[in-house]
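One chain, subunit A, appears in both complexes that follow, with subunit B as partner in the first and subunit C in the second.
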Partner chain A sequence: MNLALRMLDRTGLLAVIVVFWAIFVVFADGFLNRVTIFGLSRTVAVTAVIGLSQMVVLGIGQMNLAVGAIGGMIGVFTGWLMQSVGLPVWAAVIVALLFAAFVGWVNGIIITKTGINSFIVTLGMASVITGLVFILTKAEAFRDLPDAYTSFGKVPWVELGWLELSPLIFIAVAIAIVMALVYKRTTFGRWMLATGANPRAAELSGVPVNFVVQATHALSGLLAGAAGIMIVSRLGSALPSIGENWLLPSFAAPIVGGTLLSGGAVAVFGTLLGALLIESVSVGLTLMNVPSFWIQLFIGLVLLLAVLIDRARTVAVARGQRGVRQTPAGATSG
Partner chain B sequence: MSTTLEAPPQTYALELRGIRKAFPGVQALDGVDLVMRPGEIHALVGENGAGKSTLLKIITGIYRPDEGTLEVDGQSRAFGSPRDSLHAGIGIVHQERNLIPKFSVAENITLEQPPVRNGQWIDRDRMRTESERWLDLLQIPIDPERSVEDLSVAQRQLVEIAKALSLESRILLLDEPTASLTPHETAVLFEILQRLRDDGVAILFVSHKLEEIFAICDRVTVLRDGKVAALDRDLRELDRDQLVTLMIGRSEHVAEFPQRDLSEAPVVLELRDVTSAAGPTDIDLALHKGEILGLYGLVGAGRTELARTIIGDVPMTSGEILVDGQSAIISDARAALERYRIGYVSENRQTEGLILSHSVLANVAMTVWSRLATWLGWIQPGAERSAVGPFIDRLQVKTPSLEQQVGNLSGGNQQKVSLSKWLAAQTAILIVDEPTVGIDVKTKHELHELIWELANQGLSILLISSDMPEMVQLADRIVVMVDRRVAGSLPNNRNYDDMSQQIMSLIHRRADPPDTPA
Partner chain C sequence: MSAVALHQASSSRLQSLANKEWAWLAGIILLMSAVLTILEPNFLTQFNFYVLLRGIAVTLIVAYAQLMVLVVGQLNLSVGATGGMVAICTGGMMEVWGLPTVIAVALGLLIGVGAGLANGLLTTRTGINGFIITLATASAFTGVTIGLNDAKPWYNLPKRFVEFGQGRIGPFPYIAIVTIIVGILLWVLFERTLLGRQILAVGGNQRAAELSGIPVDRILVIVFVLSAILSSIAGIILMARLGSAQPSIGSDWLLPSFAIPIVAGIALSGGSAPVINTALAALLIALIDNGLVLTKADPYWIQFLLGLIILVAVGLNRLRAVREAKRTTAS
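What follows is the complex of A and B.
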């Protein structure tokens, strides 16, 4: 995808965020106070990681409808590991993340072995996972979690006057930086984009497409699990209902951010901005006493708008290609 | 009825004047004229990137011109969409497939004007009979109920032509209609075109095959770099060389390659009794080091399927493949590349060879990522560029930068990118499938010289081509495939007439009447 178009997306998105912030600063009482900003830094962090977990599969031209189910399961699993098994926090997190990656990898295996569309495979898996979680936990939450873990999501890290930020946002940014490097500088990142843009051409050029699909789904599971672990530390308890409402933001953040729905192009930092936009709108409208149904509706509209933009982008990319097939060779070289 | 030719000469069936169209950074058409009379077959020729496709897209309402006028039967028109153009009586057979794969042949043929009864109910019986009529006319033995996705490329092409004919347009545009047709199918098509011409249809024929232009067209318009190099000339007044000179702006240079005998060179790739799930049966083949081994056959003979079997893309059901004398198990394209250094340049450049939405750099580097990777798959900044750059330069790919999206390059340059990828991969064996289909004359020669040079430097090449002159010019030895089997192997003496006769007699001996339509 062409750089100018992408820059335009990025600056356009920033402009939209600035406009919304300006509106909220003026009309929503207490938008710019320390509690709101701190709260925002926590929710944006989780939404951003959820968005990234969807973005990686969008990048290979597929989707993962089980991000919420995996995130919820891993949240509960982490709670269980800490409370019932008694693992130390670091060990519980590592085990939970490995399990999250494993579940995502199972999605990938089913998709590559059967050739069934990722949409239906992950839809089915989501239902299976959520069902299992409720059966095994009997819908009970794990509430007796170590302090070291829950304070991480509750106590600010950075305190600069009125600006307080949660450590969670730093984790989200760190993950985004790693992801950006993976796409920019590693073989695997390139494999993912090649697979997403044209799996057949990628395969014939020696890209191990099946492995890439499996590994990408594992990565998606890993990131969804990370979001689950983050949200449990924020809430202070591992509720089985975590993840139920992740689906919309998981698509909205990357798509608003400039990830192509058709695959082959991702926007890592755009996804962060997308999450920032969605959560700002939701917090701002809440502060303006807009009923929650309206907020739901509004977020839906933002997503639809983003999809329209995605469509325009795809058309622009395609038109670029068409326009060009007949481009005089001499002119392109000049 | 030749009387239509005596109609008032000023009324053109189609008349375009001063058409200009720019795309970001490129003036694709710069004041182009085109005139067509009823009852003539008009050739539109030019190199890739000359502006032919853009012009066709303006005539069919896909693009709007920036400037210029378009008249149909003397009436000024402005098309806002392909439907407008269709309603004005203009039909087109696109170079790119425009059929709906999941629909049946009949549904596709009658897509624009489905027969209805009682108001809006689709009349399936009439749909069938109407499509049958057009299929019969073209002598295409295909059941109209079959789904298009089950058809071969050639069959799809024929269905596409049937679809265009069914609209009974007064103006018919054909963009490379014979690209995937056998000589027999082409002959049938030409007969029909001549009949349509006699009925007063104005036909625009776009092709790279100059032999066909001279065989069937009456007049010609030549485009070069978005401008008209020759407008509405009588083809009887031109010979091939003059036409080529008009197209490329100078006279053609055909390289003559010497005869070579490489039977003493070591065998790098050997097939023993290979049978593939995709069709090829009991194939025996030996490719020597530095040799160009031609694989000739009609469309459907199984050559591409054989290539796919060699690179492990389709499974081999029996037989043995040896690379450098060692038995090789090639499970997929990745193994072919990484373990056996075999590359495959696909005939479907745009769908299988390239990632059009990605950069030139990403496309060429695709095959070397694994090799460049260090710890954890990390690729050093600049490593791709230095691995890929020399090959882009060597092939003289015309691109403003390595970051340019490949979809933005002309067809010839796209093919060069597709080849560069395998050169960068430093393959020892390269299977090149129809390397010059849809490529202009100049780039074609460049590619031929490149292939020859590579072979001289020790690359062993399996060349699949349906272009007989290309085959005779390049190959050291020609293996002829008929009906998924090897019919024979001929040393190439570079005498075109002799070789084409030998090849044809092999084809006909094996598959006796190959062209009796059902």
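What follows is the complex of A and C.
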């Protein structure tokens, strides 16, 4: 039952993407253009990592409203490390990622030590972080970044005839593969899902719930930071405004992909597909000369539809299993 | 869960707690006013008081819009989006259709009711967390706000309407009249009416409320509609104050809408509605903002401080709840 539903989900989402692509190929001029597809491979990559950053926290039944704030801060921090400190690219990226994980870990520490709702803690932290970024940078961007770094996000990697893909999409897919392995093969992955399914039960069966919550928020911070580093290499400059509009896609990608809001079940590759759907729709509608405002309305409606399906699915699963909870270990859909 | 049980076990204790909150807020406000009076000669001027009250008149209603749903343990991310959409629609009806102020405002409020019904019905019918529903509807509402006039404001609003929005008697802006009426009505709602008691009961313990015969789903829909009406009122009076219907109205309301009720000491689990303390908290936050402006500090400090205030306020509330719980078990 569960497996059949999951298969239906994934094929359902794929079918929706195929339908949209068919519509855009016919009606949107230049959708299958090499430039469009290359652009899509760059935006989908960043949105997917933003979605994964939210997905890991949704998996433990919490949320992270600071995904955008952390991404923006790490983008600017990376720019500062390269431009002002003069670190080589690899060193700047490593230091920035460690700092991103640290900030996420601080979120987790505040949540576990005080027992306050993750929504409020991350809302407050997001405001503190963004405020600090703007105070420290005086709203100025870092623009003198090393060529090796900015060309990475601008130059295609794979060129097969008309098909050009950005290296960023390969990074996103690699991250997704690692995440899927973490959930499928490691104890920590099972702990995260067990905590999300039922923290009390997880605690009783020996899962170190507080540690899991802290580590998951650190992981979320790390992924948000990765998304920030990726987008700076794409834009070619580290703008403090990065991350301001990440809230909606961060929830939309994993939820459209089939991640349960209630926690305990994640969809890693579903999140990739969710990001692909959102970005394809944005690009397609833009090419069809639909004003960007209506695109925002449309994405809101897609998210709404996705949560309604999510709900129907949860009810169906509950009925199929006669009220027995899903076993957390089997709840990963790859 | 334990917080809910605690709330029910000792509502009189909570009462005294709320009183203490009141004294704390008033004390900090007095202290801040004294400091600002000494440091900034411009603080104690009639015009500065007008600026202060003009800001509070809007943000307090925004805070009440969020308070309304926090009372039942829900969140509303579409407060700003609803306010913006209603402002643009009302302004459009005034400029394009030339409708008289009263009719345009009434229709605008009706649009707000529609937005609230959408949030409420989607949340109750599907059982999905209000957070996600309102995140999605907020995006849709913002799409309408910006799409309706291609992100351009409406400038030709009725003269009397704008005069009301910008006029004042001494330091007292006309629009504050609306805010005071809203505050009194909310106080009456929660302190004196059956509906208010039912809303508090649903917030305190939904299951218990259901078992005692309260129509929980209907109450939740009403709460979302009231929240949307309050958002709409805030949007309309801000439009009157600005003298134009800007599509950016509401885009920066998210943070203050949560910060003010939290500083007022609201229980995030639901079940408390500190109407008066929320007004004091709005004044406190406006004073901080005012102080930053008067001392010509970097405007980004307000965002940093609001976030810090949220964290400190919830931390203190939490600490006190834990202490209370210990004291109750000890005695």
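Note that the second predicted complex is superposed on the first by the 319 of 334 C-alpha atoms of A that agree within 3 Å, B and C clash if a C-alpha of one lies under 4 Å from a C-alpha of the other, contacts with A are read in each partner's own complex, and residues count from 1 in each chain.
Note that in this section contacts are C-beta pairs under 8 Å (C-beta built on N, C-alpha and C of every residue); 3 or more make two chains touch, one makes a residue touch a chain.
Because the structure is predicted, anything quoted here is derived from the model rather than measured.
Undergrad: Contact-wise, after the overlay, does A:L98 reach subunit B, subunit C, both or neither (first, second, both, neither)?
TA: After superposing on A, A:L98 lies clear of both subunit B and subunit C.
Undergrad: Look at A:V35 in the shared chain and tell me whether it touches subunit B only, subunit C only, both, or neither; answer first, second, both or neither.
TA: Neither: A:V35 stays clear of subunit B and subunit C.
Undergrad: Contacts for A:L132 in the overlay, against subunit B (first) and subunit C (second): which applies, first, second, both or neither?
TA: The second partner, subunit C, only.
Undergrad: Output check: A:L204 vs subunit B and subunit C. Expected answer is one of first, second, both, neither. What do you get?
TA: In the superposition, A:L204 contacts subunit B only.
Undergrad: Just checking: does A:V85 make contact with subunit B only, subunit C only, both, or neither of them? Give me first, second, both or neither.
TA: In the superposition, A:V85 contacts neither subunit B nor subunit C.
Undergrad: Based on the superposed arrangement, let me know which partner A:L247 touches: subunit B (first), subunit C (second), both, or neither?
TA: It touches subunit C, and subunit B stays clear.
Undergrad: Just to be sure I follow: which residues of subunit A are touched by subunit B in one complex and then by subunit C in the other one?
TA: none
Undergrad: Would you tell me which residues of subunit C are touching subunit A in their complex?
TA: Residues 75, 122, 126-129, 131-133, 135-147, 150-151, 254-255, 258, 262, 268, 298, 300-308, 310-311, 314-315, 318 of subunit C touch subunit A in their complex.
Undergrad: Please give the residue numbers of subunit A that touch subunit B in the complex, ascending.
TA: Residues 1-3, 185-188, 190-191, 193-194, 197-198, 200-208, 264-265, 317, 320-334 of subunit A touch subunit B in their complex.
Undergrad: Residue numbers of subunit B touching subunit A in their complex, please.
TA: Listed in rising order, the residues are 23-28, 47-54, 57, 225-226, 311, 313, 332-334, 336-338, 344, 346, 351-358, 362, 365-367, 369-370, 372-373, 376-379, 381, 398-400, 403-405, 407-413, 421, 425.
Undergrad: Tell me, which parts of subunit A touch subunit C in their complex?
TA: Going through subunit A, the ones touching subunit C are 63, 110, 114-117, 119-121, 123-132, 134-135, 138-139, 247-248, 251, 255, 261, 291, 293-301, 303-304, 307-308, 310-311.
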